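First up is the structure itself, then whatever we jot down about it.
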């Protein structure tokens, strides 16, 4: 717990990091894409030394030979040229043009994006308006206009496709740069004496690079497709030069008589593009930190429960809520790590129990698991039982558990800005909480929800009901959260750090409201917090959590006044109190000095 | 809300202005003498000079622009020398056909894309998701002009179910049923790529939203899963998908160039390709301007819809 | 040199304002409104306020990350406007800043060595050998192990990262430190350790602190004087024990009353 001092030796550097390549190879689809693309690239690179007939040698006598004919595996085209040879040489041209266009667009677009995002203000405005202009043209239309100016030709098609794709890079890169340039570490670099150029090159660019790579890998396929398209229209490669698109375009005339002449190059384009896209997706998954951490897993409606869990008996039948031997963990990348390691607690009717601990102690996970709100995947309840009125919540059928939420056990969450739906009015959100468990007319619903808003101290509730969360202050939003929790007169309210995001003066008001409501309605309250001061204000009993265990529990005054467990003693000693003044630091100094002596 | 729409309409003016400048400059940069292009290689110097002063090409560029834009605003886009008719008449006639095709394709790709994306997100890693993911991947990787050819081969040539080309049957027809029959293949082909893009984005947006705190709140209220997903998650995800549909409108309008060529649909796209190869500059200019202008308008609609959905932008 | 480390008079910062394209007046926010205060050499002055009180904007102006709309600022007897003209290096030699979120203040893609080397090289112009020696001393001062240098920020806990961030601020060898809520993102036990560290460093290096916080108990433990800010204005300023014993301003009293007490009287 004592942070730096207690952990003098850190784990070996790099051990916790999985290499990006390994992650990429773990993705089966991406590996297939990479192999396919490598094979195709290799084939086109080897084109000059492969035993192929001249792709441009015409042989009118041999024209339009079908597939698998002697000497021409893929047949011949309308001029009797070998299709296989043309296909390989054509792929070479298509890929070179596509990849070059990608590089050009990436270089120009990213530069614009970085400069624009970092400089901000007028420069940003000007550059982005320019990009908007390019985006104001439908994609291919701009390429057509550019080709119209430059005249048909492969190089001109390359320029056109590159220009058309610049906005994608510029916008993506600018967005990320803009976010980064307001980050603390950029300010810190400035204070370290770094100039603008140095900040852009050494602080911003390394963080932007993954975005550039992602954008490149997701647009490269696109660009190959579009160059082929221009050639298909006769605006790209000009005869005798041929790429896949122009082969397709020329073969079109024979569509009904010899379809393979145009079908084959199309298949080739498809193969190149799909292998690029699959690989691009894989690269994106590896480089995007959110995807890497598995943040885009769809959470199920209730927390997963191990079917073979142990089910301890209800040790406190008189309690309204009992948690027995609860063990919860998270499975990430196939590895299980426990967050809650055997927690038991109980809550009597009308009582307020505080669950206190430092970050990572498992207190929130415990609280969320009671009504199955821990996200699964990755969460799983491995062991234990949760009794609500003597009935095991974890054994309930899903529909029964869902209908117990809000009606028997309600929640109040930490940050009221993110926990309210941003697009629904607060009146609607409260009404919805009521309607989930009671059938009422629209009129009655509205009246009830306004009454609730009024009860929790929202001034002018009738008018305010039509407001959206972002129009309210933090304290008022939390009052809305409380109103939703009260909607169905639940027996138990679980409040997960409900005042942590609020200022002290607002916190005092919210605590007073909660205390008053609890007394008025006789609800049991499970109050999760990291703040001993808040516990003193509101809780009858307190349970202290550390590292997935409850280390001490008892009456609030007893635990705080005379803590028994070493950890609790230490924790309480570390809480600065008003009135202690500078003697606080003299008081804690010996605790950590003792730690330092224990160090080898 | 009306004041917001008015504001957005006003903000279109600089965009349209910029658009016209780009189109004008692009066309002014075309190498070669337009007079020669119009008159052919055997033009006399006197005729060239006359055409140049007729077109105002002897004046400075800025002045040329204002003369041109003045004419455009009065509906005079010049004459197409290849077709020998006013550019605007030709473009508008063609544009109607493009709008029918692109409009149907846009509706098709939005519906398919949204449904596929939501289903795929809700059933993440299930077999439905896997099938959809694979089809979507194939959809965004397939060259649409090639897909069009394959569909013609199958449906028109082999099975003789649908017409291969054109907007109406050459003999008889011309009614709505005839139009719809002719629309099926090109509209579907045009919608494939955009539907794939929309589906992918919808899936990602749904998964992202389902992880948000307010979804946990909805669950804690005791709402059934269905209303959590459709009333809470989908609504929030839609806000980030709508602008993408706006962008896809551009892809569909642009992609129409290929599809119209493949299916010989009498739209602006096919017209532009032909005009570029015959170097009919005024026709290209007019066509690009009209299509780009309408796309700006499309984006405005997407913007307004997004604003209506999201109260945070509204205020 | 004079006795004051920082002296500001009528310092103000307004965000927004001006006119938009259509001539309508833009909404202006007075983040800091005519604040005057003095930080004496070797002193810890705490600035207390709730969210939106303008305390962070004040801090950012003092290190040159934000330019004041008007008002005077003297840093170690030198005019801040002149310092700003000399570039970020001149400013950074005088004042350094410690951020609230220590992990965010370190570039996720760079090793700690690179973060610590930048100020040593750019501010002090030390050669490689001198830098190596200084980095060892700095890590020792913030009680972090030697192998810290070759690690990435995400390998550290919040408390460890804050020690590293403090080491970086010390590396510039400035004598004034602006600490912007340096312990509010930390757990209580870690918070106590960092406070202790800050106290020791101040004695060791003869530093002056401007300590921004919303937590009155923390402020009482570490500061010599306290300034209370509310909605951009300075409402009260007094020596610490006086302010806690007999607050004069009603807002200060409200703040003191709202703070949860560990043991009820």
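What to note about this one:
To keep things simple, chains are lettered A, B and C as they appear, and every chain counts its residues starting from 1.
As a working rule, a contact is a pair of C-beta atoms (placed from the backbone, for glycine too) under 8 Å apart; a residue touches a chain by one contact, two chains touch by 3 or more.
Nothing here was measured: the structure is a model prediction, and the numbers come from that model.
Chains making contact with subunit A as well as with subunit C: none in this assembly. Put simply, the chain closest to the centre of the protein, by Cα centroids, is A.
Between subunit A and subunit B, the centres computed from C-alpha atoms are 31 Å apart. Note on chain placement: the centre of subunit B and the centre of subunit C lie 53 Å apart, centres being C-alpha means. Put simply, subunit A touches subunit B in their complex at residues 129, 132-133, 135-141, 144-149, 151-152, 221, 225, 228-229, 232-235, 245, 248, 252, 255-256, 259, 262-263, 265-266, 269-270, 273-274, 276-278, 281, 295-299, 301, 368, 371, 373, 375, 399, 402-407, 410-411, 413, 415, 418-425, 432-433, 436-437, 468, 470-471, 481, 484, 487-488.
Interface residues of subunit B facing subunit A in the complex, by the touch rule stated above, are 14-15, 18-19, 22-23, 26-27, 29-31, 121-122, 124, 137-138, 140-146, 149-150, 152-153, 157, 204, 206-208, 210-225, 228, 232, 235-236, 239, 247, 249-251, 253-255, 257-258, 261-262, 272-273, 276-277, 281, 284, 288, 291-292, 295-296, 299, 309-312, 315.
Contacts from subunit C toward subunit A in the complex involve residues 50-51, 63, 65, 87-89, 91-92, 96-97, 99, 101, 104-110, 114-115, 118-119, 122-123, 143-145, 147-148, 150-151, 155, 157-160, 163, 165, 168-169, 171-172, 187-193, 195-196, 199, 214-218, 220-222, 240-241, 244, 254-264.
By the touch criterion stated above, subunit A contacts subunit C in their complex at residues 1-5, 8-11, 13, 16, 183-185, 187-195, 202-203, 206-207, 358-359, 474, 503-505, 507-508, 511, 530-534, 536-537, 557, 560-561, 570-572, 574-582, 584-585, 588-589, 592, 596.
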